[in-house]
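There are two complexes below, and they share chain A, which is joined by chain B in the first and by chain C in the second.
What follows is the complex of A and B.
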């Protein structure tokens, strides 16, 4: 079992979500996040005065998957979230020890 | 005969099932109280210990306290009972309590009980204000009534006169605590019916104050004593009835004492109360609207009751000394504004509006009596009032005042806002059933105005600056007040714009400003929606927004409206995350509006017309979906600067190219040259898949064949197709131009395939010869790197003397510097060039680091100064 975390541009959320659903991903968690990578923050100028914007707004998607699905999921996220420009985001893959569905107590594969 | 507890059990479950069936609804608390009373009377009668105590001359009384005392028992309310003795509590009282109370615990009721003498009760009340308030609601159930009367008399005569000021202060503190813990229930999505501000507790406070200060015994006395008018008391009763009813349903559904009306219960309770979906107005939304309206009314009543009868409780003596400045005929009393008389209103109904203006000017609220008068005389506000110029002027003055929202809240509460602007009526209590909107629409609109009024003090100085830059913020205030006024159905923004127009026409409002207001209402979601759903790095999206917005002033107002709307909606609608995105979009649109020619209304119209014409010409040669994606991928300046005929031509060439690419000929390109006899030049159209340094290859091959590029427009479609349109000097051999163009195509193919090295060939060509005259430069070469003019590209401007191969040299240098040319405007005047290149680095970013921009400048200057 793996957890795939992806930081993407906000307007790409729908595309990514749809294609993950098409793959058979049953649920995912979405968070509005802020941060910076190589894009850094940026400085905005309004009428000569400068206003520093430190963090850039992004969307974080988290989804826990069976191992077989991981490579497909990563592929579609990359495909759909790409604009080719800086700030397209990153994908992280983490190992997951176990999962439990709270309502039923099911564990492992059945719980995701 | 059944035991008292069996009978209680049966009676209660019967009552609850009747309630569930909708048969007893409003009288439930009363019935429930009676059932309990009956139980206590019987159980005392049947208790041997109880009877023995009476025989032993140790009389006692059963007294109901708190909510039970007030006869306000909901399904799972606590039942507070006191067994009262004269002085010392006899030891057998324990046995009595067992007889009376144990069965109740067995039934699972929440029982609060005490066994005390009169003295203990009173000393507890002195120490503990909560105990005092509970005792103030005491009611005799059974037993020895003189004991109860003695307790109440001593409470009224000895304790209350000493403790009532402390009590008043304590209640204010409790209020503050309730506000912090439970919030203002009259505008919360999941209100607490009892403890929230506007909840039942507000009514209890009012009752306790009235009992402590005016010696009231029962709620009904509020009306008899004249503390509340007949109408106010009737309203209070009906609101309380409704809240109690809801609370009972909530208890029934949760099967426990639960006072927080959470989402999961709202829909089913709305259904139980027979609310029905109407059009797009959900039953649950109507239900919440009514709950909020009731709670707001109770809150407001308590507030004005305290304000009127306890002037000492006012925190700020805001209105002192302002009396003189008050305009006749109003007068000020203890920091509140009063009408001169009821008859004055009858002669001049517009006083109903004037008084609010005086209120904001003096910074004082209306007195309870004045509010009462406003409510009573609302019927005077008729069409003549609504269309009067004086009324409109007065209303706008209120709206422009810094503390306008104070007046607007009072106008909303008294119903004047709806009377004066009837368009408010359908939306004022409207609630949206989602996790997003915290306030009912009417409150949200006033809240939005309040947000705008805080702008001059806003900590985010950018927002404050933008606000202070506005020439006239009035349209913005009006738009804030009206932006959701169309929320009675779908597409509320467009509908709202229509309603706003209607209202402002009635006001006789300035035409131009009216257009601004309608625009703002219509587009109030544009920025937030675009910022969160579209690619802000796509110039075209931003250009489209800029075209919609039109002017810088409108953009600023729209930005501030988005901010105020979001802040007034709730934390889920507005936070740093969305604020960041909206700011980015705002600044990009601003720059386009301030600098670009792309965003003029004319430009966006031209773009639309041009696309339409291309569609007509193409017909069904391309599927609608394909057309859509093609147009979508064309940069805005390409669409503006290219004739429809040429676009069609490009699309045709593109179709053949695409086939070649599909067959694996990645280097395939198209080149067409057409003579322009009038100017003696040629126009060259060139299409190819974009690659690094592409344009420098074209420029180089042209130079190699002695063709000088006079002007050029180069574009890149989103799918990576480069489209270059060049105006060039004719080939040297005017008799056989085709041969030259064929040779050029061959050279280009050679370059792409790597068979031909342009740099070397051009160098050979440029070798000094007696045949080529050397010009001395008249003008110094000049290079500018400009990051200000566009949010999407870095602009590199080059001014230099023209010569063969110059363009190749510039573009090749840019290529070696890692610059990708997206758009170029090449212009030659006489023998000088003024070229602008819109570039991005290899990662598709603007070139922001100063070191890099300096390098570009230096390298270009060095390269161009080489002979």
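What follows is the complex of A and C.
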């Protein structure tokens, strides 16, 4: 069991979600996050005062998968979230020890 | 028919002088000007950070209540009551004693004295509310209430008397201020400077980005200000007549042109036109046309508004250079805009617009500019000096500034135990 975490551009969320659903992914968690990487922040100007905003808004997707689904999931995320510009984001893959469905108490594969 | 007693006859004659159209117009104008203060609350509220939105809105909103009470108890009497040496009205009209349904011979001779009183009440309300932009995000609420009460009594009331009160020294000198360029805008602008200096900069000045949290709220507020300003300026004619229409039109023109000129300046200076710039420009134009609105024609209004956008943009830039933290640019917009407007009245006033006024420099009367200059200078010195003193007194009594910890938490939680947004 693995967790795939992807930091992506917000406007790519719908495409990524659709293609993960098409792969048979049954659930995922989305968070609005801010951060910085190679993409620089942006400038904001209010009444002539200039501010450099360093943290860029991104979307973090977290999805826990059976091992055999991971490579496909990573492939479609990369495909769908890619614009070719700096700031497209990153994908992390983490090992997960176990999962429990709260309602039924099912564990492992059954719970995801 | 019952025989009429002499005083009844006199009352009937007064009543005949009353004009229903004028009365309706002044009452509606009062309601329009009232709306400006909640409008200002939104204008300012959108420009602060989310944690201070209620604290900022509250400062304007509660002034509507506080200064209304001050006004009916002693403020109106001090401002417009029987004159003492050209400096202040007496307490003869304390609690509106003697201020009734009959017109007063000087203050709107065709409308009930009460209508004039409540129209002026709305001016007394919005003026201290304007100052709150300077110390937004860091002043204690109790100190703010005390300061506002003192400021209304010791700064606004005397100034209103000087300029508009029967026997006030500025009006006797011939200074022209149709709707409050000196009384409202210069006074709030320079008091804002004093407040920014005494209260000090916000935490994190220079390193924290004080980014407006809700500009749509600010734009809505600016729209309400623009709308209410028709009552402010046209209503100052105190009659539903041609002068009111003229004031209405030049007010609208100046605001429109100033919105454009501010936008143009920032487009050139910073590369992009902004909505906050358009809203700020519109307000700057309204400020600048205020003193001359009953004395200048449409072409002059284009010029006054056009320069207002440029001058106030420059005024706002100045705070960064000089290092005072006037949070929401009261100095830049009301101080600079009001000063420009008062002087511009001395340039562009024309008896062709208002025969009760004087001509300005461009209409053959250079002396008027000198008179305007004296009134501007006196207002600046008086309002700045008094505000410094009052703030020191308040600081000594209650302490003026919130603790660093409270400032960090934000005014909403630290002063009012509530939050503007629960998501």
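Convention: the second predicted complex is superposed on the first by the 103 of 112 C-alpha atoms of A that agree within 3 Å, B and C clash if a C-alpha of one lies under 4 Å from a C-alpha of the other, contacts with A are read in each partner's own complex, and residues count from 1 in each chain.
The rule we apply is simple: a contact is a pair of C-beta atoms (placed from the backbone, for glycine too) under 8 Å apart; a residue touches a chain by one contact, two chains touch by 3 or more.
Since the structure is predicted, the reported quantities are computational estimates derived from the model, not experimental observations.
Of the two partner chains, chain B is the only one that A:55 touches; chain C does not reach it.
In the superposed model, A:46 lies in contact with both chain B and chain C.
Judged by the touch definition given at the top, the superposed model places A:34 against chain B, while chain C stays out of reach. Judged by the touch definition given at the top, the superposed model places A:103 against neither chain B nor chain C.
Looking at the superposed arrangement, the partner reaching more residues of chain A, out of chain B and chain C, is B. When the two complexes are laid over each other on chain A, chain A has residues 44-47, 49, 51, 53 in contact with both chain B and chain C. Partner chain A is touched in their complex by these residues of chain C: 209, 211-212, 266, 269-270, 272, 274, 276-277, 280, 313, 316-317, 320, 329, 332.
By the touch criterion given at the top, residues 461-462, 465-466, 469, 532-537, 575-578, 580-581, 583-584, 587, 590, 788, 843-845 of chain B touch chain A in their complex. Chain contact summary for the complex, chain A toward chain C: residues 44-53.
Partner chain B is touched in their complex by these residues of chain A: 9-11, 14, 32-34, 44-47, 49, 51, 53, 55-57, 83-87.
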